[in-house]
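The structures considered in this document are given below.
Next, two complexes with subunit A in common: one pairs it with subunit B, the other with subunit C.
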Partner chain A sequence: MAPKKSQANAAPVVTTGTTTTTVPAVSTPAKKPSSDAWSNVASNILSHYQKTTPQRTKLIDLFMAFLVLVGGLQFVYCVVAGNYPFNAFLSGFSATVGQFVLTASLRIQTTEANKADFPSVSPERAFADYVVGSLILHFFCVNFIN
Partner chain B sequence: MAVATASDPSPIQVLADVGKSKSLRTLLRVLILCFIAGAAVSSRLFSVIRRSSPIAHSKRRMVLTAACFESIIHEFDPWFNFRATKYLIANGFYDFWDWFDDRTWHPLGRVTGGTLYPGLMVTSGAIYHALRALTIPVDIRNICVLLAPAFSGLTAFAAYLLTNEMTTNTSAGLLAAAFMGITPGYISRSVAGSYDNEAIAIFLLVFTFYLWIKALKLGSVLWGALCALFYGYMVASWGGYAFITCLVPLHAFVLICMGRYSTRLYVSYTTWYALGTLASMQIPFVGFLPVRTSEHMPALGIFGFLQLVAFIYYIRSALSGAQFKAFLFVGLGAVFGLALLALVAMTSAGYIAPWSGRFYSLWDTGYAKIHIPIIASVSEHQPTAWPAFFFDLNMLIWLFPAGVYLCFQDLKDEHVFVVVYALFGSYFAGVMVRLMLTLTPIVCVAAAMASSQLLSTFLSVKSPKVKDPEQEDATDSSSKKAKQNTGSLRSANSPYVGVYSFLSKGLVSGIMTIYLLLFVLHCTWVTSNAYSSPSVVLASRMPDGSQHIIDDYREAYQWLRQNTKEDAKIMSWWDYGYQIGGMADRPTLVDNNTWNNTHIATVGKAMSSSEEVSYPIMRQHEVDYVLVVFGGLLGYSGDDINKFLWMVRIAEGIWPDEVSERKFFTPRGEYRVDGDATETMKNSLMYKMSYYNYHTMFPPGQAQDRVRGVRLPDTGPVLNTLDEAFTSENWIIRIYKVKDLDNVGRDHAAAASFERGHKKKKATKKRGPRALRVE
Partner chain C sequence: MTSLTSFLLLLFTAVAQAISSSGSRLLVVLEDVAEKAHYSKFLGDLEGRGFEVTYETPKSESLSLFHLGERSYDHILFFPTKAKGLGPNLTANLLLKFIDAQGNILLALSAQKQAPTAIVAALSELDIHLPSERTGLVVDHFNYDVTSADEKHDVLLLPTPGALRPGVKDFFSPATPNDEVIAFPQAIGQVLGNGALLTPILRAPATAYSYNPKEESEVLGDDLFAAGKQLSLVTTVQARNSARLTVIGSADMLSDKWFDAKVQKVDGKAAIATVNREFAKRVSGWTFNEIGVLKVNSIEHHLNEEGQGNQSNPKIYRIKNDVTYSISLSEYEWDHWAAFKVPAEDDLQLEFSMLSPFHRLSLKPTVSSEESTTYSTNFKLPDQHGIFNFKINHKRPFLNNIEEKNTVSVRHFAHDEWPRSYAISGAWPWISGIGATVTGWLFFVAIWLYSKPAGKGESKKNR
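After this line comes the complex of A and B, so read on.
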């Protein structure tokens, strides 16, 4: 999953609603045993995600995960069973990819931490843009799918 | 009009200084933009109205008695576009989409609907129907002729918008619009009558870039989607869309490398790419190319790379430094290695086509000459000569680096774009004459930034007053340099720059104004003299200075239209294919859409071989007439003898053992057409057709070719398999009819020799040698 927050390290993250935390200065010094470090990395990411993500954003993330799944399935099908109606594959696959990046954009724009990056984009505006973008995307996909 | 616009910033500046109301300034700006659009349009009309008003002519295009250029389509490609537009108007959009054209590429035909960029035709078709809906009856030809000037006005507006994104100084935008409107580098492709893809493509190029900058600045999905839509329109219009496809990812890549990744970049780029690629795939001619060819791979690569970068940035917010480093090395290294491997594997397995020849020729200018003569043979694919830059851009070319330098002053994301575009564009403009067109917009923008900076610095009437109250106390009231301020804050304050003396102000702004005026003069001169002649109609000066119109092309095409069968196949070199199709309405063997190299080589072989070889080829292709262009009488250098070596080369590429370029050169390595020409040259069909009967024009021994400047032999070539059918007034076009097979089964040489009254030579005597009877 590729949700992200820019430069959240530089400014202390102030998240919405329930949990208002600064980034926990993760300073676990485990360095040498690599397996240990890796599990640490994973657990740190997980805990960070749990702490700083509001419920609505988690829904968005779920949708994105679903899109990745569908896109992956289509890709596997293409590799395994051939890409015969290449139009159909391309439009199906790029519909998922396009929807994924549009959703990611929506997620970025609505995240509190990124407020400074988008002075002119309110959450409502972000959602309206998202709808417009998706409409265009699906118009092209339907036109292309044959 | 253009003069007024060029020096317009001064009233604006004055008004701004006086502090007039905002609405007045807006009104002025709109007015100025309208004037600029007017100047842009009117300076492109030289080709249509010159000296006298156009003579009223009938609906038919071939009016031979016109005394000035009228509203006609120019050059070669526009004729095809015009023909396609007429087809679109006549048959509707769906038929146009499925159009199979059996009147070109004679035996093969061409899937025209799937192999063209429909943007131009659809645009003029839409304008046509819109005007009809408004009950303005207008001829489609006039729309086609005037489309390019109309869009140039829009281009000027787009340049204004783009420049305003770069700088806060609004006068820069106006200057850029003025530059864009009248710079010859752009006019060369957009005069009235040059109904070519570039006519609308340059507007779309500039506007797409504007939308891209806007999207990047705001980080808005909406602007990104708009950018993608216009990108789609651009793809539908011109093959040069690859320039955007490469430039935008490059900009994004440079930004990431500079450590300027931002979420805005992610939003705008991914939106643009996801929607734009889908939009581009809607065009049948482009189809799957965006996922198949290497030209499009940078965009895809940057798209993937951005996902990765975004993910990493997210992770970075969650991890400590050391852990993040470990993650970065392992994760990023693995992903990069995999992606590179995949790309190499896919390319070698043939899923992704390697770079196409036209693109190779962009890197290695000698490439095309060796491998793809057909690309090298087009004059606009040649490398640019140095004077061309000055000729096309005049003073902008030296303001251009200054403008780029100014971008470095406060290097924001959009300024990086200017720098990247400037580097990229300059390189390509140097490689190919044609790509001067893509450089022109950024030159205008950068030059406008530089000159407006200069003007606004030197045109402010007020002497600089020190703003800082603390400094104001320190300095005396006389406007000397305010530098002697003490205090530790000096370094913190930005130095206040200004000009104090009226002399230097007046001098610099005066010189600048003179330069601007000279620029306008230069542009007007270049436009009217170099870029406004419609190459279909040649203009020359008589000894007394009056203009003489040479209209051989249209004369010949009209002859074809009126004197040949509806389906008579015309063989000519591919340059004239579109014109024959458009003006004479006859099927051709090859045309300017050079999609089938072998077919062109076949024509080249027929032209460069002897009659015995050519005749079967022409019979096989059902050729009825052969058309050659010959400039020897008039001194018209763009004729077929001068292009002949390209025909030979292209034919040699396919039949190396039948056609050899070397044989057309004398032992001393000269390309000659006079008495010393090689036998192969003298026997070639092209030579024979060009010089057939030519010597009869002159007194004996005086026959002269005025292009090559040589004296020709007294006895002209003999043609056995062709009949001269038509020769235009100035001998520019010569048309020959291919003879039918002989009635009594002789070969043509024998038949022709019989016609000339030579007796058939007896091969053997009927009786044997007389034997002396000895008894």
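After this line comes the complex of A and C, so read on.
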């Protein structure tokens, strides 16, 4: 994790620079520069993310965002429409959550920055583990929803 | 030996079914056998209906209600006797034992003769109370017979009883009531306790009262035994084993004299004939199990579901099964079994119970024949597994008790009997949730594998 953090810290150096410049502006009644600064921060983060993140990690992030969306929809439906049949809710929701957890693990294991933590796990090995684990999860959930 | 006994038993039941539904041996207890001439028409009617009548006096040495532990008679008819006790062969205890053994008793009392102590004791066991001095006479100054009791007012003229309450069949009125009256001479009134087994057939009119004729005083004191509707003149008891006992307050009403007497009401113009004979026939017929006897012919229950082998009376059902229950009933009418019809305001109910009923359902007649009616109902078993009973508990005044219990097990769903999730529309969002996750994952894996070299190169470049 540590190397990644340092990498992330490298980008905010620029942003901190911008915020410090805007600090006096906050005391003045004009608010425009502040919001400009915040959008500056966001666009900086975004451009940094787009520049420095490998394409596979971006794919993982996209998939995880998709899972969060699907899981959220299922949960909202359960709250609004009730949890009958409960086993269907459990398996549907836990399929999404489980998939999210497995994908997060894949992201951790395949990130270059974490390589030192997993000396024996190659990205190929991590992906194979991920596929097997996901298949087991799908098998279990489809069984459980009956 | 067994075949001979069963043959004899069969013969006996065949003979028995020709008259009363529970045997034809009738014991008549009189003060003096010669006294039977007094009641010749009533006793003649009984013999005409097929009873084998035995006449005995209480003093008779040979009189015995039981022989080797079995009843010697099926029914007993008591006429009033002069003696204070009935002797060692007819104690209160023996009479109650006779009822316990499903024997029927018809008691005719009279205000002119003291009721024997054995009978008073037996009646008080059944919560029927006679006047303490045992000589109460019921009089009514508004409903007496003008021709015979103009002075004493002790011959009551009563309308035919009618139905006890809505939903109870009227067994004791003539088929077409036409303002006939029952003459009730020298009656002794009974006061009934709160027992559920007691049912009066005939109550005294509101203006009647019971007093002790031996007392000379002109005014009625505080010692009035009972008055008005409190006084029951003809009372029935049907024990839990369906043995029947009837107390008739006036033995004279069964006599030949009153069977075809002409009576005149207080405000009536012409003398009218009494319906004593018809009433006596119906009361004795009811007491001796000739009417109001129910029989369960068969009970059947089965699964009522498509595509199942719906065999009869299975031992086990599953929760939420659809089940059909039917029971076939007959009612005895004088000399034959006829279809039993539940009165309009009454219901025949089935309970499906485990400790307490989970269902209490009205049964509807489905199949009706000359000799029986089949009542049935369809219902869904409760969502509760365990040992259940199909229970019919039909206890109605003037009908013998029906208590039928059929035990079945109710199991829960087997693992492959639950509905599939796609059969439940509520589960569809979650099924599509799994679907979206799995397809999303497949796309992810495909893109991952496809983008592998480029991604690796890119990341290497970045490093």
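Operating definition for what follows: the second predicted complex is superposed on the first by the 96 of 146 C-alpha atoms of A that agree within 3 Å, B and C clash if a C-alpha of one lies under 4 Å from a C-alpha of the other, contacts with A are read in each partner's own complex, and residues count from 1 in each chain.
Please note the rule applied: a contact is a pair of C-beta atoms (placed from the backbone, for glycine too) under 8 Å apart; a residue touches a chain by one contact, two chains touch by 3 or more.
Here the structure is a predicted model, which means the values were calculated and not measured.
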Touched partner set for A:S91, first subunit B, second subunit C, both or neither: both
First (subunit B), second (subunit C), both or neither touched by A:C141: both
Contacts of A:D129 with subunit B and subunit C, given as first, second, both or neither: first
Most subunit A residues touched (candidates subunit B, subunit C): B
Contacts of A:N40 with subunit B and subunit C, given as first, second, both or neither: first
Which of subunit B and subunit C A:P54 touches, first, second, both or neither: second
Subunit B versus subunit C as contact partner of A:L67, first or second or both or neither: second
Common interface positions of subunit A, toward subunit B and toward subunit C: 91, 141
Footprint of subunit A on subunit B - complex, ascending: 218-222, 224-225, 228-229, 261-264, 266-267, 270-271, 273-275, 277-279, 281-282, 288, 291, 307, 310-320, 322-323, 326-327
Of all residues in subunit A, those that touch subunit B in their complex: 2-9, 13, 23, 25-28, 31, 34, 37, 40-41, 44-45, 48-49, 86, 90-91, 94, 97-98, 101-102, 104-106, 108-109, 114, 117-118, 120-121, 125-126, 128-130, 132-133, 136-137, 140-141, 143-144
Complex interface listing, subunit A residues touching subunit C: 51-52, 54-56, 59-60, 63, 66-67, 70-71, 73-74, 77, 81-82, 84-85, 87-89, 91-93, 95-96, 99, 103, 112, 127, 131, 134, 138, 141-142, 145-146
Residues of subunit C that touch subunit A when the two form their complex: 418, 420-421, 424, 426-427, 429-431, 433-434, 436-438, 440-441, 444-445, 447-448, 451-452, 454-455, 458-459, 462-463
